[in-house]
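Two complexes come next, and they have one chain in common, chain A, joined by chain B in the first and chain C in the second.
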Partner chain A sequence: MTELEKQFQSPMVNLLLSIADDKLFLGHRNSDWTGIAPILEADIAFSSLAQDDIAHASAIYQLIHTLTGEDPDQIAFGRTENEYRCADIVTKNDEFNWAFAIARQFYCNTFDFVRLQRLSASSWVPLSSLAKRLCAEQAIHVDHVHSWIKHLGKGNEDSNARIQNALDTFAPYAAMLFEKPVGIDILHEAEILTDHSAFFVSWKNSIEPTIDTAGLTLNIQQDELQGGRSGKHDEDFTQSLCELQEVFSTDPLAAW
Partner chain B sequence: MVSTTEIFEVLTTIPDPEMPISITDLGLIEEIVLNDTNVLIKLLPTFIGCFALPAIASDIKQKVVELQGIDSVEIEFVHDPPWSTDRITDNGRISLAEHGISVPDGSSPCCSTGTTDTVELTTSAFTCPWCNSIDTTLTSPFGPTRCKSIHFCNACRQPFERMKKV
Partner chain C sequence: MSASANVEVNIKDCETADPEKLAVFEKHISDGGLIEPNDWMPEAYRTLMLRMAEHHANSEIVGALPEGEWITRAPSLLRKLALTAKVQDEVGHGQMLYEVAQDLGKSRNAMLRDLITGVTKYHNCFNYPCPTWADICMIAWLIDGAAILNQGTLAHGSFGPYIRTMRRINMEEAFHFKHGEDMVLTLMSGTAKQKKMAQEAFDRWWDPSLAFFGPNDRPDERERPAMKWRMKTATNDELRQKFVNRFAPAAMATGLVINVCKKDENGLVISATPDPKLKLNEETGNWDFTQPDWDEFFKVIRGNGPCNKDRLALRRFSYEQGEWVRRAILDGSTEKPCNN
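And then the complex of A and B:
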């Protein structure tokens, strides 16, 4: 471990956990759609998105392992509820409503893409090189879900109303994606993170053109509430975590 | 004493488990580090979530350790530089085309351009590997493996796969 990594280990781990936990739980939720998505291509797509998200999470847990020496499986599955750093939009129950699933995916995937772009400029090379790699794959996710938003928005009155309702329902949770991971300011001050531009604005600029084309409106306000990124989770998260840990907790020391 | 060239030669005989070409033609090999009788082989995964990675690692270990003068083989997956379709060799491209898999050319898109239009999925005209027509449509950006999308040729009425451009 380098001096830099030693000095900034705590805020770095916290930032990495927020990214990996978002991806792990989103992948977990998306895999619920395997076998029951409305059309075959969407089914394959959601399963593929889930596979990517969980693999991305795994690569980031691996990076945390290089900092702390902790076993990546243990990091992924072995923490208590308040040690997870995801924003709770990723575990919100979508009630198997396709519009909800797409709206959540739209907010989260675009958020993740913009976040990875910012991390690609990090002066900490292990992070920037991984972020660049993930970003190239994330672009495919973004492209896919943006085309779904246009598809539903421009479909007919019914599909337009449903996706608008879903976007509005998930908007307050999307705003919570922007809760700052604890210690991220330290990384900015130390120039480990070099992109200081306004995150919320970049994200909004990335989603607005699609919203406009789709004939929809974006009703979202940035908020400063403390939530998942500080380990304060809601009931849907608790339930998701129970499902996620169900197998692991039967024998935490088993070899995978 | 075995050389890195000889090790590379062995790698050219290992097929990708999900693709009709060798792992060397696919451009997976980044570096071979030989230290006396121990070798470290650095590989670039096509996609991070590729299921074939453990199988590839185990195939390599099995083959390379058979070389005289090699005691241990270690595999490391690295992300820098990122793998891109540009790394597929000409031989590899010919073989993929023969199997109905189209491959993008030109330089890779870069995610740092600030737009999300880096993926070529939004454009529809890809050359059909069967009949060379460009009258083709995208069926699904997600295909049988993480690195391929599914397309349909309206001219010869055949489906085909395409390596995603990353």
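And then the complex of A and C:
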């Protein structure tokens, strides 16, 4: 199926926004490390991951454009706070603490990989083909960050304690990644999204072996709270959005 | 982004080398030969080359800081991606240049420590403020443009690892310059507000761009070790003139005005008047121009510029906040991540 019937467009846009906004703001947060990461080689790698995420977001905003006709930059930069659909873990302040940045990246990158795999099975071809393409790069992100978790978990006592603390601190926010985008059930019922398996369980199964190898523990529960996916954001998101829009909002119609 | 061949070495040091070996070494250089890390070289050459590579590497990673601060505020998806990639390139240049310097006998960690404790320096142009998005556009256009001119000549130097690195870096700098030029042209063909923003940033960056090449030449410039040993192949004034010849007409073509500016202690312009000397000199074929404010230049180089303290503080913060990570994953005191 290459055409999406009109009644499915709004839930699809909402789903696409949740993916693109996650990626945009994760890339936005991580790009802030460019130039100040703990090791030059890690700096360069982390910046590449940030660029991938922003580029992925851009490709998804482009897909939304094919449905709504809206300009991708206007979608990315021009909405009000409650119109963004990301989970707030992506904008959680890492205080330039590398353990926090890695924990956030670990949860989010693995989540994105599992999510993209599920979307690769969509019956709407523009989505499934884009998801397949992004999945290939996402797999590199997953490899990279899982290797960091192992390095820090097994590094020394201090690094093990720091990364464990970071994983525990970010766990409640990671659980919020699973908040359902409004209207996603409609897409499942219509078999536009065809993978109905348990998302949280797949994700947990993907991260647990690395956690075990690293000598760490995973303390996370699924919950049913409403947050970013419903447009209810916290202060860290507000701050990130202000920064994102600082120059753009001086003249939203100007070319930059 | 920036190379400086203006680090100094005491000429007397050159005289302590074995005269026969020195003669062979100098002939090899004057015949156009390259020096490799394991070749014999006078200690003064090693010292000067190490300082050059280290200063250049320091400049790359400190240069990443002012631009890095604008990544999260870049106003479109394309600009955000391009700026992140550009700053990442600068860090990559730093990484390559620290490798070159390491081969001359100083560890990366020692170089990073010396940078944050103020023992070594970085390029002066990064001690100026970037209060608007347009400053980022001007840095990429003017400073990267200046770096390309400078590094283009350094790529004909005599130390093999440095010139090979320089060639690689220059290819990336060419992209940075294009990225800068595109941003400046976009602003200058935009709204009145954008044009004003661009002119104000240009006023802040014209002087540091002229000063980028270092102080005026000394009478014995060509006899000094850096040029005698072909580490440097053009003088500061030659490069500065080349820069003005290229950028003065290019700036005017976009509608920018080249001003002589007075700045306050924060590096912000308090008065700007069109450069009275600016004109194409038909006799020489060069553009005449007003020299940058050298008093200000030396004040900034001595550590009293508008942003010296901020830049160093952020670099120090980065070094300190990453210490536990390096302890955990680097194998003892080695410089590279271990593989297991």
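The rule is short, and it goes like this: the second predicted complex is superposed on the first by the 250 of 256 C-alpha atoms of A that agree within 3 Å, B and C clash if a C-alpha of one lies under 4 Å from a C-alpha of the other, contacts with A are read in each partner's own complex, and residues count from 1 in each chain.
We adopt the following convention: a residue touches a chain if its C-beta (ideal position, glycine included) is under 8 Å from a C-beta of that chain, and two chains touch if they have at least 3 such contacts.
Just so you know, these numbers come straight off a predicted model, no measurement behind them.
With both complexes superposed on chain A, which partner does A:137 reach: first (chain B), second (chain C), both or neither?
first
Which partner chains sit in contact with A:11 here, chain B, chain C, both or neither? Use first/second/both/neither.
A:11 contacts neither chain B nor chain C.
Who wins on chain A residues touched, chain B or chain C?
Of the two chains, more chain A residues are contacted by C.
So, A:250: does it touch chain B (first), chain C (second), both, or neither?
second
Return first, second, both or neither, reflecting whether A:55 touches chain B, chain C, both chains, or no partner chain.
Once the two structures are laid over each other on A, A:55 reaches both partners.
So in the superposed three-chain picture, is A:228 touching just chain B, just chain C, both, or none of them (first/second/both/neither)?
Once the two structures are laid over each other on A, A:228 reaches no partner at all.
Per the contact definition in the header, classify A:41: touching chain B only (first), chain C only (second), both, or neither.
Touch partners of A:41: chain B and chain C.
Looking at A:120 after the superposition, I want to know if it touches chain B, chain C, both of them or none. Which is it: first, second, both, neither?
Touch status of A:120: first partner only.
Can you list the residues of chain A that meet both chain B and chain C?
Shared contact residues on chain A (touching chain B in one complex, chain C in the other): 41, 44, 47-48, 51, 54-55.
Provide the residue numbers of chain A that touch chain B in the complex, in ascending order.
Those residues of chain A that touch chain B are 41, 44-45, 47-49, 51-52, 54-56, 59, 110, 113, 116-117, 120-121, 125, 129-130, 132-140, 142-144, 146-147, 206.
What residues on chain B touch chain A, complex-wise?
Residue positions touching the partner: 47-51, 79-80, 82, 84, 108-109, 111-112, 114, 116-119, 121-122, 139-143, 146, 164, 166.
Can you name the residues of chain A that touch chain C in the complex?
These residues of chain A touch chain C: 28, 31-32, 34-44, 47-48, 50-51, 54-55, 57-58, 61, 72-73, 76-77, 96-98, 151-152, 155-156, 158-159, 162, 240, 243-244, 246-248, 250-251, 254-256.
Which stretch or stretches of chain C touch chain A in the complex?
61, 64-65, 67-68, 71-77, 79-81, 84-85, 87-88, 90-92, 94-95, 98, 108, 133, 186, 190-191, 193-194, 314, 317-318, 321-330, 336-337
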